[in-house]
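One chain, chain A, appears in both complexes that follow, with chain B as partner in the first and chain C in the second.
On to the complex of A and B.
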């Protein structure tokens, strides 16, 4: 099964070496980085926010959501083009197909993280040390994969790769904006605060920032969220996979 | 004229028979508005909706460009235009029909968005005539965006190029617009770009028409963009279309 997975990961990586991936994984996160930098720099710096430390994890969070969108796209395409059915006629374990998809997505996530952190370093973002960097990347990837699983569950029920991408983008907007990703808690009206606090994006981005700064991290909230999402979406994926 | 109306009708029917497309095009601006409002309302001030609602209405045109160009691209490949070419239709009316359909869709989505924007407090405070002007500016802006989409759909070698060449510029134009945050809040070196951005000039025109303020200058600037960029792309699109049929 390990070999099967390896072969499929190789195949997934090869087909994702396209211009589309280049735009999705590198160009579009950096466009958002530039855009948010121009818009938020003055507004947040005047409020005493250390802007480079604040924004870099925010853009990483955003890119992780975009990674899930492309997972959905690739799965829906594999399904509509018959690749999934073809794999099933072969004497390989169905689980390998899923594991390969998840492993590929984990690898793909590293690309935007590297690009964003590199640009972050140019504007003054710093990890406090190697363990902080490793923890940061691990948490970001674990978080991304929980959403990739959700996207996979949806995509296994659809065979239109284009519409799945836009359907996934929509729920990401409130999750991203109504969280501490792009603005500190104090900016929001009081009545919204409970929503902001409970949002998994807030828990994760706060932990990412603390990890990067080398400050004491409360890892429990993001890890509980991630574990719960893995469980729920994992079950949904295995059900959808058997039916797809 | 009938040709044009028929083709406009086709383009609208195609849209109205794609339910996911309808939901997404109407839901996207509304969700975007309600989720951005608390963040930037908090950062900028109480009257933020008067500034932001016009930009959201305009962004239905700009964010609609990649999917609309992609739809056109598939249309061109699928042979419907080849079929139209076998009929005694002029290239101009085929293109204009498509353009009119897209502009109607953009104005419809923008109207719904503006209606919904009344919930968080957006108001027209300037009387009836400026409201008409408001939607006229939206239509002109929408026509410009559609002309650009048309040209890209007609000249792009593949679907990924369509998406790739429109995605980043439309996103950046949204960020660099004075409808998003005031010009003075941007770093000094980028302010000229923000001021020249068609999304800024059109936002300023809509803000002026809806809630009072300078109207003439931003309207003229927006018209200049529409005639310059939109006209150029429209002409090139007709030419590219004729060339393909030759």
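On to the complex of A and C.
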């Protein structure tokens, strides 16, 4: 199974090397980075927030949310092209197909993280040390994969690739806006605070910032969220895979 | 002779729709059986069941001696499938597709490369081997698809509508490939909507409709049922006149704006003309032609379709 997964990852990566993927993985998060830099720099600085340290994890979070879109896209593509069915008639373990997809997505996530952190470093973002960097990347990827699993379940059930993309974008916007990704908790009205706090985006981005700063981290909230999402979406994927 | 594919009362329904209704069929080892039926007859459902993609609701099936439900891994190790939609990766080149599937099927790198080269030569794809399959024509894709099925040789091959949507030249090339495969002793179960295709390729034909087997036999046996290979078609636009023609002609069935009579010989033509003349029916057109799938169906189902 490990061998099969390896061959499948190789093929997935080979497909990912297209120009469109490059744009999606590197260019678009950097464009967002630039855009938010222009808009938010003054605003946050006047409030006494260390801008580079605040914004870099935010852009990473956004890019991680987008990773799920490509998971959905590639699975829908394999389904409509008949590749998925063909693989399922081969004497290979069906799980390796899913494992390969998830492993590829984890690898793909490293690309925008590297690009964003590189730009972050140019404007003053710093990790407090190597363990902090490793923890930061691991948490970001684990977060991304929980949504990739959800996208996989959706893509295995839906027959319409285009609706998958919009179904994935839709919940992302309110989750991003009603979180501490782009604004500190203090700017939200009091009555919204419980919503902001419980949002998985808030829990994860807060932990990412603490990890980068080398401050004491409360990993429990993001890890509970991630574990719960992995469990729910993982079950949904394995069920959907058997039926698809 | 032993059966390579053997199904007993195989059933599958999707909600209210009965896609396979207690279908029983045997495919002898080394033979080519054509599964003939219109769209929605249950052909693809059957292939999906036999290739372990779908779980049947009832009945039993053995493929290459293995139980479909109990030993799906063994079944998968004995079959190759070429589906209705050429299942190759568009981004990869023809060669990369073949090597990828070879590697997935546990060939070493070198073995996979050698095998890819051989198949590209055999299917006349060598000139475009290193181009992305995105740019391949429909015929080239199907050929590559079939080549992918043959990366590792399996005793049983399923072909689901292998030539649907192909131009005649590509179709002939694909037929030649199937003929070649037959000579190597592979058992083939192919589905088709075209009588001509089943006639060309299959040793035996199984006609399915509404998930049921409605006829089975050699192409000759089946054609005999439609009158020795020809039909006489009498086109009459006027419905009332057409209804009269139906009563005066022997074994006649209505088919759209025509009445069709089995024509075992040229004599049928004069019989039909005489009958029409004495009933004072003037047809819009009268032709003697090869039976189509429609004709086979109408004669097998007594014109109920």
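To be clear about the criterion, the second predicted complex is superposed on the first by the 244 of 244 C-alpha atoms of A that agree within 3 Å, B and C clash if a C-alpha of one lies under 4 Å from a C-alpha of the other, contacts with A are read in each partner's own complex, and residues count from 1 in each chain.
The rule we apply is simple: a residue touches a chain if its C-beta (ideal position, glycine included) is under 8 Å from a C-beta of that chain, and two chains touch if they have at least 3 such contacts.
As the structure is a computational prediction, the values presented were derived from the model and not from experiment.
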Just chain B (first), just chain C (second), both, or neither: which does A:206 touch? neither
Check the contacts made with chain A and report whether chain B or chain C touches more of its residues. B
Of the two partner chains, chain B (first) and chain C (second), which one does A:83 touch, if any: first, second, both, or neither? second
On the A-aligned overlay, A:42 touches which partner chain: chain B = first, chain C = second, or both, or neither? first
Regarding the shared-chain residue A:188, is it in contact with chain B (first), chain C (second), both, or neither? first
With the two structures laid over each other on chain A, which partner does A:173 touch: chain B (first), chain C (second), both, or neither? first
Classify the contacts of A:15 with the two partner chains as first (chain B alone), second (chain C alone), both, or neither. second
Does chain B (first) or chain C (second) touch A:4, or do both, or does neither? second
Residues of chain A contacting chain B in one complex and chain C in the other: 18
Chain A residues touching chain B in their complex are 18-20, 23, 27-28, 31-32, 34-36, 38-39, 41-44, 160, 162-163, 166-167, 170, 173-174, 176-178, 182-183, 187-189, 192
Note which residues of chain C are touching chain A in the complex, please. 51-53, 73, 76-77, 79, 81, 83-92, 96, 100-101, 103-106, 148
In the complex of these two chains, what residues of chain B are touching chain A? 20-21, 24, 27-28, 31-32, 34-36, 38-39, 41-44, 67, 70, 160-161, 163-164, 167-168, 171-172, 174-176, 180-181, 185-187, 190
The chain A residues in contact with chain C across the complex are 3-4, 7-8, 10-11, 14-15, 18, 81-83, 85-92
